[in-house]
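Structures for review follow.
Two complexes are shown next, each including chain A; its partner changes from chain B in the first to chain C in the second.
Presenting the complex of A and B:
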């Protein structure tokens, strides 16, 4: 038992490397925030493409559905490796895009952000879509009968109502996104898992990894509770009849 | 005979394999109130949705103020047609389920489309919106949200919202069917006033009393066709067709 605790809960090692691991964890948070903001917008754009009306937009709908299905079916790790391993050699792209060093961040950071945005944009598009489909069809009919275009109706009537229905499932996606930022360690970006693996290799001790796990717990556990709370609150609203006119 | 406002010629509409309208002809003169009766599934609501192209017909012609709205230049029927704006700005619609925008205040429900579609200024749209809500008896509810209103009040807001676009024709799709009985009258009164002011109205309804009193013509539909049509007295008191007699018998028995 002693061996077990020394391997995973050596407080001496944790204390010694606390600052280092914490700083690396801040890098995870930074990837998360940048990727989350872009993915939340990209996901909405995809959801709107998917709902574009009429024959004219069939190609856009088909392409969007294909994108969403494929990106959700392929492992994120493969996407990360494909981007970081391939994009630098696409010499028809400008150098700033092949090897990005924007805002003083190294290229692995941006490859990681790009991969997370591509994949989580697809997941979030499905969340938005569920929200859009939960708005009664009479809302679109009413807006169109008043002369609004499809886009005006989406912007003023459908999307504002749809986003009030998605916080709980969206928060689930965000929690996954935060955890998946650790995958960027495979392309040598110095985030918390990479740093704690180096410590593991040096000291043959897993305590730094446990410390990293603890950081994620501190953020994600309250998040999971918040999801439950939001779902309960939403159900409460339904049963009080605040969501009128389901027909 | 007043000048024609809406004319339907051989209008057909199908949803998948189900043919809902099997060739409907109808003439509506300016200022006329046409009440459409019929059992559920007879195609009444679909007919209204054809007139404002929410459900563009597959076949037939619809003229609005003399313009063929089903055929635009170069493209087939309905959504692709350039007539969509022409139609939606001339034809207002009120729905059974009100379909008010729940995230907007009463006043914003009425002023949104005039600002977005007609390009009116906020001030202009709000002046008009206030006047319309005043007229339907809801001038004191401007800042409230739809869910705080009764069904009858919501439906009157929906009427004001449609009127804010200054339509030439109003479509009413069973607008009192979702209301508690004691709230029906306030909505019918509003519609009656509108008729007296000379609005052209197509009213799908089960309110026989309203049809008799306000309707210039009564149309009885069944199975996707117009079975009988004429002045209210004639159709309601002395129906010629067996299907009309049967339906009225069932409705009036209640």
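Presenting the complex of A and C:
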């Protein structure tokens, strides 16, 4: 038992490396914020493409569905390794895209962000779609009958209502996204798992990994509780009529 | 869109395909592992009592699979030479490096020879032989780079492998603007070829092999470190350690060490420096 505590809860090692691990964790948060903002927009664009009406948009619908299906089926780790291992060699691309150093962040940061946006954009598109499909079809019909175009109806009637239905599942996706930022460690970006593995290799002790896990717990646990709360509140709204009947 | 029955049919086809792949995969894996055991059994035959040696294979050129089954490499052949001197027949057992010292301490095998650096941390758990190899780091760059050595790494983006001496050297002496620890050595070499990093610090024999295999990259400087590789045994097994030390010294004296070294590293061994390191270790 003593060995167990020494291996996982050596507070001396945790204290000694606290600053280092915390700073690395801030890098996880930074990847998360950048990737989340772009993925939320990209996912909405994909969801709207997928809902594009009529015959002339069939190619766009097919391409979007193919993109969403493929990106949701392939492991994120593979996407990260494929981007990092291959994109720098594509010499038909300009150097700033092949080896990006935007805003003073190194290229593994941007490869990681790109992979997370590609994959989570697909997941989030499905969340938006569920939201859009949850809006009664009468809403679209009513909007169109008032002379709005499909795009106008989406913009003013459907999306504003759909957005109120997505927070809980979207928050789940965001929690997953935050945890998956640790995968960017495989392409040598100095985030918290990379730093704690380095400590593991030096000290033959897992306490730094436990410390990193604690940082994630502090952020993700309240997030998960918030999801539960939102789901409950939504159910309350839905079943309000039923309550009156019972009373 | 799909009707329900067509969807079910599609799923059924996918499932059957998946099962076929899994079954075929398992069959292949099973047969290869059985051939592995016969190979080690064969190598265990011959004169002398068997000496079981744990090693994390592959780590070329130190240890790797032999084309005809069994294992080969610098460590393997040197151990065979030492075994000949002391009348023991080494049998290598593939093992994971993370747990290798714990395993030898618990008697899973008698010795560890796995390009393992002698460190204070490890000496707390196991006993080490005299050093048999001097660790040397190499600076790898793209051909035609303006980096000529360790001193030119200042302000550059440098890569190394996680948990290695190369990374330590980079931290202490390179003054790089960014030091990237890749999980595996070849990832760092790929980043070098891709141009995302400007230099890689890695074990010299590994660097040499990568430069030959990949092309377009070259070694510009070799940096000696204080680190040496040793053979580890269970703490307190002084008899075996003394035997191994004696065998190692004999192998160095009669030239079989040099023969194995030249075969795997394609250069003459630094015998003087090695003997000095052995003297230092003995005086401790």
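One rule holds for everything that comes next: the second predicted complex is superposed on the first by the 240 of 247 C-alpha atoms of A that agree within 3 Å, B and C clash if a C-alpha of one lies under 4 Å from a C-alpha of the other, contacts with A are read in each partner's own complex, and residues count from 1 in each chain.
The rule is simple: contacts are C-beta pairs under 8 Å (C-beta built on N, C-alpha and C of every residue); 3 or more make two chains touch, one makes a residue touch a chain.
All values reported here derive from a predicted model rather than from experimental measurement.
Participant: Could you tell me whether chain B and chain C fit or clash when both sit on chain A in the superposition?
Facilitator: Superposition result for chain B and chain C: fit.
Participant: One more residue to check, A:188. First (chain B), second (chain C), both or neither?
Facilitator: In the superposition, A:188 touches chain C alone.
Participant: First (chain B), second (chain C), both or neither: which does A:15 touch?
Facilitator: So A:15 meets neither chain B nor chain C here.
Participant: Looking at A:108, would you say it contacts chain B, chain C, both, or neither? Reply first, second, both or neither.
Facilitator: In the superposed model, A:108 contacts chain C only, not chain B.
Participant: Could you look at A:75 and tell me whether it touches chain B, chain C, both or neither (first, second, both, neither)?
Facilitator: A:75 contacts neither chain B nor chain C.
Participant: Would you check which partner chain A:201 touches, where first means chain B only, second means chain C only, and both and neither mean what they say?
Facilitator: It touches chain C, and chain B stays clear.
Participant: Thinking of the overlay built on chain A, is A:89 touched by chain B (first), by chain C (second), by both, or by neither?
Facilitator: second
Participant: After the superposition on chain A, what angle is formed at the C-alpha centre of chain A by the C-alpha centres of chain B and chain C, rounded to the nearest 10 degrees?
Facilitator: Roughly 150 degrees separate the directions to chain B and chain C.
Participant: Quick check for you: in the superposed arrangement, does A:148 touch first (chain B), second (chain C), both or neither?
Facilitator: first
Participant: Applying the document's definition of touch, where does A:99 land relative to chain B and chain C: first, second, both, or neither?
Facilitator: second
Participant: Give, as a whole number of angstrom, the minimum Cα separation of chain B and chain C in the superposed three-chain arrangement.
Facilitator: 13
Participant: If you lay the two complexes on top of each other, which residues of chain A touch chain B in one and chain C in the other?
Facilitator: none
Participant: Could you list, by residue number, the parts of chain B that touch chain A in their complex?
Facilitator: Going through chain B, the ones touching chain A are 52, 54, 79-80, 85, 88-89, 91-93, 95, 97-103, 112-113, 116-118, 146-147, 158, 161-162, 165.
Participant: Report the residues of chain C in contact with chain A in the complex, numbered from low to high.
Facilitator: Of all residues in chain C, those touching chain A are 121, 157, 159, 162-163, 167, 178, 180-183, 187-188, 190-191, 193-196.
Participant: Can you list the chain A residues touching chain B in their complex?
Facilitator: Residue positions touching the partner: 53-56, 136, 138-139, 141-148, 152, 156-157, 160-161, 164, 242, 244-245, 247.
Participant: Would you tell me which residues of chain A are touching chain C in their complex?
Facilitator: 84-85, 88-89, 99, 106-108, 185-190, 194, 197-198, 201-204
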